[in-house]
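Two complexes are shown next, each including chain A; its partner changes from chain B in the first to chain C in the second.
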Partner chain A sequence: MTSATSSSVQSRAALESFWKQAAVRRNISAYLFILPFMILFAVFNVGPFFWALWLSLLRGDLVQPVKPFVGLQNYFSLTTDNITLTVFKNSVQYTVSVVPIAVITALALAFLIGNKLVRFKDFYRSVVFFPLLASAAATAQIWSYILAPRYGVMTYLLSFVGVPEIYWLSDPNFALYGILLVEWWRGIGFHIILFLAAMLGVPEELHEAARIDGANALQVAVRVTIPLMRPVILFSVVMGTIWAFQLFDTVFVLTNGGPVHSTATIVWYIYNHAFRYGQVGMAAAMGVVLLLIIMPISFVQMRVLGER
Partner chain B sequence: MAQSIFNRKTQKFIRVLPQAVVVYVLLAALVITMLGPYLYIFSSSFKETYTLISIPPRLFPEQFVWDNYTYILRELPFSLWFFNTILVAVLVTVGTVFIDALAAYAFAKKEFWARDFLFGLMLATIMIPGALLLIPAFLITNELGLLNSYGGLIIPALANVLGVFLLRQFMQTIPEELEHAARIDGCSDFGVFWRIILPLSAPALATLSIVVFTSQWNNLVWPLVVLNDKDLYTLPLGLALLRSEFQVNYGITSAAAFLSVVPLIIVFIFLQRYFLEGLTVGAVKG
Partner chain C sequence: MATGTKLSRRSFLARSATVAGVATLGAGLSACAPAVPAAGDDSGDAPAMEVVTLTMWKGPHKAAGDETKLCAQPTLDVLEEMLPGISVDFSEVPWGQYNEKFVAAFAADQGPDVSYQTESFPRFVNTGHIMPLDDMIESTNFDRSFFYERAWGPGTYDGTTYSFPWIIGGSNLFWNKDLFEQAGHDPDTPPDTVEDFLSISQDITALGDDIYGFGGHPASWHENGQWPRRFGGHWFNDDLTECIVNSAEAYEGWNFLNALYHEYEIAMPGAISGQEPGAGGYFRDGKIAMITAQNVFANSVRSEKPDFRLGASRMATGPAEGPRGRACYGGVGMLAIAAKTEYPQESWDVIETLVTPDLLTSWIGCLGFMSVSPHVNFYPDDEVLTTAQGTLEYTFFWPYRGWIFKFWDIESTSIESFILGQRTVEEAVEDMVVQVNDMLREEEG
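Let's look at the complex of A and B:
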């Protein structure tokens, strides 16, 4: 009896160890599958992240082998430096302008394309996708010609409505809005396409019901359609904000931060201080500040993505 | 009878007509705003210098010339930039999709120690702005001796967290039974991945390919910090250079900008669906 039990225990143990070994074998193969990714991920994502935090506590240029440790001094300098304050002001001003403008115009345009009278909606969807195809550099080239003073098309068109010549990219008072205009054109398709998908997903019966209750088209839009699109609108606002705070390419090609720093953004500051002015510590500190701005916004982004 | 139906239809038509006119006028304005700039530089790329700066601006070239194209192709290393961009974008796309698919398969279908921790870590890095990683990534690339080379453009771009995220989600929907059946038939782990999982994931692989290819084609910052040699430049970097060197020669910049977009436009026309699907995935990359 006892021997029988012990043998069954033994065989069970043997069986368990067999499965465990099998599991470990499978494990090893799992690690082999993730290995190439994980090596690259560690070397070019995780490693650089911690290195960047460390760099923000140092002073020196890129190639200097030993960079002296200065503690939090870079962060303190960020709060006193004139250029930094301009850069923050520009980035915030740009973000709070471009995001509402883009989201509201995109919503209006999505309603336009979503209108029941419009046929071939796919065609318009493709049309608004086109600006998303070009690189920021190509878009900048296109618009530098359109926004050019004197012989630019924009100057010509605005002259019909009595607007005097505007130096879109060389007047410090307008340059940020010149950039905004270009970026609006470049990014609007993203918002329109998302909104359109959400809008066409709203069940027709809800519209009918509101209509029967005597609501007009505007009331249906504001009271029924838009509230149902809220998660998508939130996603759009979050993505728009994240992009706006990271604006660089267009500024780099069109104005390179000028005139007189009127289009200098956070990322422009990071690039120039690290790769032009030999102040890696300041650049890294600014990068950490950017992270602190982006992080809370990203949490919202991940929650929205998680719900899908 | 027929008369009254006709009347009702006519009445309805007359009722919606003003609204339809407004809607289609606005749509026309939208189409012009979105496509006009492309068409304008396309037309301008054939203009002569004096037409380019005529006041008021001219929509079409007065005399149709190829000079701008011959200039960028003969006097500038434009064809080299074109070749570099294709090479880098294709290699990064193939490499990323393969490496991401391998990892995504393990995360979707296997259990292993620290799996959820690693996946959480990957997701957490999504929120790190690229500009923060730029400096140390540059220093590491320098340490690896990859500055100013194709390798320096390609290798750091190969691990794409969002790609793993996208592919894992898709692979989770593939039924276990298919895998079991393949194993019973004697398929190895890699065999299951290569013969079962990859072919079944084709739509997700296509979407990811489009996202990676487009973002590589248009990438400016990384080539900007990694490259010195003008012969290694990619198109966005070349265009940025043209902007500073040919500031007001809009014929040349228009021709170059237009040529740089054409390949993506062609791909878009054929694979629109994947572009639209990739919109939210690519979006998250920021």
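Let's look at the complex of A and C:
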């Protein structure tokens, strides 16, 4: 009896001590400051994530009040659907093409714009960033005219250098690269602005020291500047990869996944299942699989590029 | 000397954070609370008439905003004069967002009171979001014969009427009279059979200068899927449980379509017509002589090129007998009422008024569609559109089912694959039939 009472008093004391010392109590102001964000994050990110997980186990239309539980059936169906395999292949092919191209060209252009000899830097920064500010649907529509076979500006310009007519958006062998071209134009500004900011953060003394040691401009860039930009390049690659896997709006407007599914991407197929085919469970299952693809890829990228 | 309360940095932060937290919670809670109705105007002596505002959504059939400005709002202004207790809040929902907006709205029981519905509307009927209309039709003694009898079909599901026919559209053969003349053909005589069609196309293609006798979008589910019908094939069995478009007759149609592109080479290559400005644009530019397109196409050609010598008629007939030989796309757009509407009677009043002859002409005639009623002629003085109205008997509706979008995707991709030379006709058609039948079984299951 005495022992039990003593134990109860001890545990109460321990609990009180815990709350006195608890980080929550000590940092209540800080937690209140982040409360608005956390609530929005919980409502618009965490909640939908778990809802999507639940939906992936159901069958039926989004407008259906009661959707039967089918367990992992939707995940098994993904493995037998030929179009699912095609859209995953397209998304991977697109990502491994667009990310290196965008990052390398953005790096080259950032060096060009950041060069001391170049004047009107702010103007060039605005020009490269502008496509990102414009509506994706509107710019995609404009590109559909630029890339048109008979009357398109691109066809006209390429004819001067002897390039035959390319059916950028209607030839299944080229269409994904037509999309890549448009997305490269839209997204490159983001990478350039990041790289320009990172270049400004590299101490000038290091450049001077390298030059005194006899390094030429290319050697300074490759041996000094780029290694010091590694965290930003890593961020750029990870974000580029995530965006590439999430490609949707340009495809939706320009090709609607065609011709013959050559530009169909995972998110395009998710959209179709959720809103057109009335199969929200399949759509949610694909979303979960997409997450499972992006997470390890981002992890590997961070490990590989993050190593010094 | 006054002594003010000293606010430490820490307490300032604590108070600010508390305010921020409370404000966030307050905003969240207020968003969940029902909206308080606005106070009515009580300044006058006489009680003001209560005006019910109904929401109405429709996909646009003109450039963004033009339908509202030119056709919808003038019609709704008249309607609101006729029905003084009702105001209609009309929104154009772009086709690109149509599915997601309707699905999201109905899933949240926030669907519009009155909506424009097309082939996919059974998915909303099946899930109880659309109000049956039979009781209303009976109680108001609405004369069903006001509409073409077949126009009721798409809005009738399992014997129950869920929607009013409102728009009827169909495809015709349009031709460029100048190109007919240049190739030595009578500009006023369209081809009567597919053999004539082929022969005229060959003569026109022989003109050179990148001109083709025929053209179409390689992925057009509207038009390409009609070829097997013209040769006697059927897409489905009677109860829509099996796709049978790989019959011998259907294959004749598929092979003929394929030959137009790859054997006779009288059709503009799909890789060209599949991009901007599209088959319609090339037709307007005099690069394609014949095209099958919905009858509203006539208006767009004439508004962009007023001098264009445009011919319109029924399609040349294939070997199939009767209207099937000249099969073209047809579709009905319908007016439906949300099952969860707070104002069923007012919504009914709106749709019943919108189909009166004057308002039908004012809105649907303004869009350039055909009349859904044999008692109303929108264009008595327009030879081309009057001809187009006469071709409605040759139009075939696709099944109005919840799976229609998936079916169209399978259909258009499969046909596109042989038009673009990615697969043989047989590979494409057999694969398509398997996919469609799998889809039908899945839907049944």
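Criterion: the second predicted complex is superposed on the first by the 247 of 308 C-alpha atoms of A that agree within 3 Å, B and C clash if a C-alpha of one lies under 4 Å from a C-alpha of the other, contacts with A are read in each partner's own complex, and residues count from 1 in each chain.
One rule holds for everything that comes next: a contact is a pair of C-beta atoms (placed from the backbone, for glycine too) under 8 Å apart; a residue touches a chain by one contact, two chains touch by 3 or more.
Computed from a predicted structure; not experimentally measured.
Judged by the touch definition given at the top, the superposed model places A:L62 against both chain B and chain C.
Once the two complexes are laid over each other on the shared chain, residue contacts for A:Y75 go to neither chain B nor chain C. In the superposition on chain A, A:P36 makes contact with both chain B and chain C. Of the two partner chains, neither chain B nor chain C is touched by A:F111.
Of the two partner chains, chain B and chain C are each touched by A:Y151. When the two complexes are overlaid on their common chain A, residue A:P259 makes contact with chain C while staying clear of chain B. By the touch criterion defined above, A:R276 lies against chain C but remains apart from chain B after alignment on the C-alpha atoms of chain A. Once chain A of one complex is fitted onto chain A of the other, the partner contacts of A:W184 are absent, as it touches neither chain B nor chain C. Comparing chain C and chain B on the residues of chain A they touch gives the larger count to B. In the superposition on chain A, A:F49 makes contact with chain B only, while chain C stays out of contact range.
Within chain A, the residues touched by chain B in the first complex and by chain C in the second are 29-31, 33, 36, 43, 62, 137, 144-145, 148, 150-152, 252-253, 271, 274-275.
Per the touch definition, chain B reaches chain A in the complex via residues 16, 19-20, 23, 26-27, 30-31, 33-35, 37-38, 40-41, 44, 52-57, 99-100, 102-103, 105-107, 110-113, 115, 118, 121-123, 125-140, 155-156, 158-159, 161, 164, 189, 193, 214, 217-221, 224-225, 235-237, 239-240, 242-243, 248, 250, 253-254, 256-257, 260-261, 264-265, 268, 272, 275-276, 279-280, 283-284, 286. On the chain A side of its complex with chain B, the touching residues are 23, 26-27, 29-31, 33-34, 36-38, 40-41, 43-49, 51-52, 55, 62, 109, 112-113, 115, 117-118, 124-138, 140-146, 148, 150-153, 156, 185, 189-190, 193-194, 239, 242-243, 245-246, 248-249, 252-254, 266-267, 270-271, 274-275, 280, 283-284, 287-288, 290-291, 294-295, 298-299, 301-302, 305. Contacts from chain C toward chain A in the complex involve residues 10, 13-14, 16-18, 20-21, 23-25, 28, 96, 99-100, 103-104, 106-107, 120, 123-124, 126-129, 210, 218-219, 270-272, 274-277, 282, 287, 402-403, 405-406, 409, 412-413, 416-417, 420, 422. Of all the residues in chain A, the ones that touch chain C in their complex are 28-33, 35-36, 39, 43, 61-65, 137, 144-145, 147-152, 167-172, 252-253, 258-261, 271-272, 274-278.
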